[in-house]
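Look at the two complexes coming up: chain A is in both, with chain B in one and chain C in the other.
And now, the complex of A and B:
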C-alpha cells in the first residue's frame, strides 16, 4: 500500500506504515462523516419543509398540518447534523490521546524511537515528520468535513441545527475546528515527550484538552467586543434574532438593556479563537522540540 | 577509513538529579578501526550506557566520546546499534521492517545483507514482528543493523535470546561480514565464552570505570597464571587474584620482570583473565591502548 505513494519521502512513508491502523481509521471516519453530511444535505430541504408553519384545517392555501406532520425528515436531519457536529467538535480529544499515547509515548517507551534515531534519522527530523504527516492529514480531513457541514446546514435554521453560539456547533463550523485538532496533536506530542510512556501520556493529553476546550468555551464571548442594545420601551425589551446575550442591564427587576453578540460576530470570534489555538499549537510544538533537544545529543 | 573508531576521554555519565548515580566515571580508552572489541563487565558496570552514548542516543555528563572521528550524533548513518531489548515495531511484518531500514538509509542500505540474515533463520517474511520468538526478533534487529552497512557496529548483549546453534551461526555470519567490510564491532556480553575467538580487543568495565583496555593478545601477554608454594612471595609482581589450596597457591599476576624459580606459569585464557578481574574489583586498572602502558 505504501509503494503506491512513492512521491513522499521515505521517512514520511515509514510514519504512514507504522501508524497504518490510525491512517485507515481516519480515512474511514472522514469518509463516513462526509457521506452522512451529503445525506443530510440531500434531505435538508425536506427537513426545512417539516418545520414550516401550517394551518389546520387547511384553508387560504396554507399547507395542511397533517401533511407537514407526516414529514419526518426533520428529525433525521436534526439528529444527523447533531451527531456529526459533536464528532467534529470533540475530535481534539482522541487526536491528543493518540498523539501522546501512540505517536510519541509508546515509541519512547518501547524503544522504537531509539531504533529510528540509530537508523540515520536525527531526533528532530523524527519528531518533525511525526507531527507534520498527521497534521496534513488532519487538516485536510477536517477542512473537507467543515465545508460539507456548512453545505448541509443550509441556512442554519436554529430550530433544526441549533444556535450558532452553542459550543459544539461553533467549534465544528469554521476554521477553529482545525485549530482545535492541531492544538490537540501538538499538546499530545508534548505530553508524550514529557512523560515518555504511552498510557500516562494519553491520559495527560486528554486532560490538557479537557481544560483547553472548556476554558475556550468560557472565554469565547469575550474574544470580540460586544454590541449593546438598549430598550426603547422597557416592557417589550427583546434582543435581535439569534443574538448571544453576554450581560443584562436591570432597572429594578426589569431588563432594560444588554450587551450581546449578533450572528455577524461568528466570523471574527472564529478567527480570534483559531489564532489562539494555532499559537498554542506552535508553542507546544516548540516546547516539544526543546524537550527533545535537551534529552538527546 | 578513520584510524580510530572510538575514543573516550574522561567520559562520565550520571543519572538522576537528586540521587546521583554514576553510570560511567572518568573513562578513557581508544579503539582502533577494524577491531572487534568485547565489552565485558558485571551487571550495572556501565556497558549499556557506554554503547548508548556511542550510538548518539544520550549525552555524556562529562568528558568526550568521539566515534569515527566525530560526535556520535553527527555520524548516525555510519554506525549501527542493536539495543539489549531489540526494539522493533511489532505491527510491521519482517518485510515491512526491512523496507523501513531501506527507506531510512537511502544510498547506504544493502538488501542482500539484510535478507541473508533474515533468510538464514527461516523467517516467514510476511509474519508480523509481534508473532516472532525472541531469537527471531534478534535476527531481524541484526538485519536492520547490518543492512545499513555501518562502519561501526554497536551490539548490546546481542546473543542473549538465541539458542546455542543459532548463536554460533549468527556469530559466524557477523564476524565474516565484519571481516569482509572492515567493520569495527563493539559487542557487550557477560557470557565471556561467547566472545572468545571472535574478539581481538577487550574493554572491561567495573563500576563505571575502565578496568582493562587494549588489544586482547597484549592484555593476555601482560598476565600470567602462576602456581607455586603458598609461602613463596610474589613480590614485586602485581597480584590480581590469588587462591590458596592447602600449601599450594594459584594466582593471576602481572609480572614486573622475570618470575622467580619455583613458579609454574601458564598464559591465562580470556575467561580466566576476565573472571579474575571481576572477582577482584580492587585490582589496579591496566590500559594497553596504543601499546602505551598506563597503569592507573
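And now, the complex of A and C:
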C-alpha cells in the first residue's frame, strides 16, 4: 500500500516530465488567455458604453454622440474576445494532434512505451496515466478560461461578442468546451494506438476532429426541440430577439411562422452536446484500451 | 576521392529508374502523401464541376420556384433552400480546403518530409549514397512544389469558373464577396503561393528542429504568424480609391478600409455623429464624408502584389534552409 501510492505519483511525474514542453506550453497559453480575458473584463463596461445609444445634440441627460464616438474600447474588446473565443473553440485540434502524435504515437514508435511496460508498469496503467494527467490539466485549464470568458462577456451583447449560437461562441462559453477538448484527447490517443506511429496518428487525429467539429456544428440545432412562433399580424413577422431560426413556414412568398431556438435553449443544447462528446470520449477511451490489449498479448 | 567512387558507382550499377532515381525515391517514400493529394485534387475537381453544372442548375431552379427572381422577393429569399445550401456548402468547403492547404503542407513538410528523415537518419544515409545534401533538399522542395502548384492551380481555375458563372445566385445565397479571405485566395494565384509558402516554412522548420513533431508544431505556428502578418498587409498593397459625398456616407461597396468625416480644409476627422443636425455639423466644421475602399477591379493588382510578397518570403525561407543545411553538413554542398 505504501509503495503503490508513490509509484503512481512517480508515473504521473514521468508523464509531466517527458511532456514538459507541452506542459509549459499549456500553462503559458492558459495564463495568457486568462490575462487577456481579465483585461477584457476590465474594459468591458467602457466597451459597452462605446456602442450605447446616443443623442445629438446632447439633451435630456443622454450621452452625446461625439462622446460615444470617441470611445475606442469597443473595438479592442470585440477583437480580444474574438481571439480568445476562437482559441478555446479550436483547442481540440492541437490537443488531438498532440495526443495522437506525441503522447501515444511517438512513444509506441520509438519503443519508450515498450520499455516502460517492462519496468513494472502494466500497459493499462501506462495508458491510464497518459490519459488521466492531461485530462485533469485540460479540464482545469479550460474550466478556468470558460468561467473567465463568461465573466468578460458580461451581458453578452451580440453587437460586441457575436450571437450566442455562432459556432465558436457557442463552443467556448460552456461545458461543451471541455467536452470538445476531452473528445479530442481520447480520439487522439485512440488514433495513436491504432496507427502506432507519430505523424500518421497526428494527421488522423486532426482529420477525425475536423469531421467531429463540423458534424456537431451541423446537427447542433437539432439537439433540442425547437420553439414555434406564428405570425399574429399578417404583414410583419418577427422572431424574438437573438433567436436562431431553424425552419420557416411560407404562405405564398410570405413567412407566416418559424421554428427557432430562443437564447434560453443555450443551456439544454450545451448539456446535450457535452453529453454526446463525453460519451464519444468514453467510447474512444474504451476502444483505446481494447486496442492496447490486442497490441500487448 | 569521394567523387571518383560515386561516379564509378553510378556507371557500374545504373539505376533501373534512370537519372530520376532521387525523384522516384521521394515519391515512393511519401506515397501516402502523394495519394492524399491526388485524391484531394480529384475530389475537389469533381465537387467544383458538380457545383458548376448540376449544383448550380438545381439551386437556380429552386430559386425561381420560390419566386425569388420576381423583382419583389419575399423574406424567405434571404435564406438558401436545400439545393442552394448544398451548392453553397460545396463551394465554401472547396475554398476552405484551399485555405487549410498551406497549413497541412507546412505540417507535412516539417514533420514527414524533413523532420522525420533527419530524426531517424534516412537523410544522412541518403547523403552517403552519392546524393549531395543540396540535391537532396532541392529535390525535396522541387517535387512537392511542382505537384502542389499544378493541383492548386487546377482547383483555383475551377473555383474561379464557378465563382464568375453564378454572380446573382451568389448574391441571393449571401455567399462571400470577392474580398473575403478564403474566396480571395481561391480565386487567384494566392492559394498556390500560400501552399508554396507552407512548403518552404515547413522545410525550414524541419531543418531547424531535425525532429518530426516539434518541427510540425513550429511549422504550423510559424506559418500562422507569417500568414496573418501578410494578411494584415493585404489592403495596403495597392492605392485605395476614395469616394466623397457632401451629405451622407458614400455607398458601401467592395473592400472598405476606413471612413469618416471631412472638414472644410479637407482634413479627415473622426465622425462626430451629428447625423442631420446642421448646427452640430457647422460646429465641427464638417462639409462631407469619405470612404476609402478597393473596388472589385483592384482584385488582380492586390492579388499579384500579395502573391509577390508571399513568394518572396517563401524564397527567403528556402535560402535560409539551404544556408542552414550547408552549415550543418560542412562545405559539402
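Note that the second predicted complex is superposed on the first by the 289 of 297 C-alpha atoms of A that agree within 3 Å, B and C clash if a C-alpha of one lies under 4 Å from a C-alpha of the other, contacts with A are read in each partner's own complex, and residues count from 1 in each chain.
Methods note: a residue touches a chain if its C-beta (ideal position, glycine included) is under 8 Å from a C-beta of that chain, and two chains touch if they have at least 3 such contacts.
Here the structure is a predicted model, which means the values were calculated and not measured.
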| item | value |
| --- | --- |
| Partner chain in contact with A:269 - chain B first, chain C second, else both or neither | neither |
| Which superposed partner A:198 touches (first chain B, second chain C, both, neither) | second |
| Contacts of A:40 with chain B and chain C, given as first, second, both or neither | neither |
| Touched partner set for A:148, first chain B, second chain C, both or neither | neither |
| A:114 touches, of chain B and chain C: first, second, both or neither? | first |
| Partner chain(s) touched by A:296 [first = chain B, second = chain C, both, neither] | first |
| First (chain B), second (chain C), both or neither touched by A:101 | second |
| Those residues of chain A which chain B touches in one complex and chain C touches in the other | 21 |
| Contact footprint of chain B on chain A as seen in their complex | 2, 10-11, 13-14, 17-18, 20-21, 110-112, 114-122, 296-297 |
| Residue numbers on chain A that touch chain C, as the complex places them | 21, 54, 56-57, 65-66, 68-70, 97, 101-102, 106, 198-200, 202-203, 237, 245, 248, 250, 252-255 |
| Chain A contact footprint on chain B (complex, rising order) | 55-59, 71-73, 76-77, 79-81, 83, 85, 87-89, 91-92, 96, 99-106, 108, 144, 148 |
| Chain C to chain A touching residues, read off their complex | 32, 66-67, 70, 73-77, 79, 107-108, 111-112, 116, 212-214, 216, 270-275, 277, 279-280, 284 |
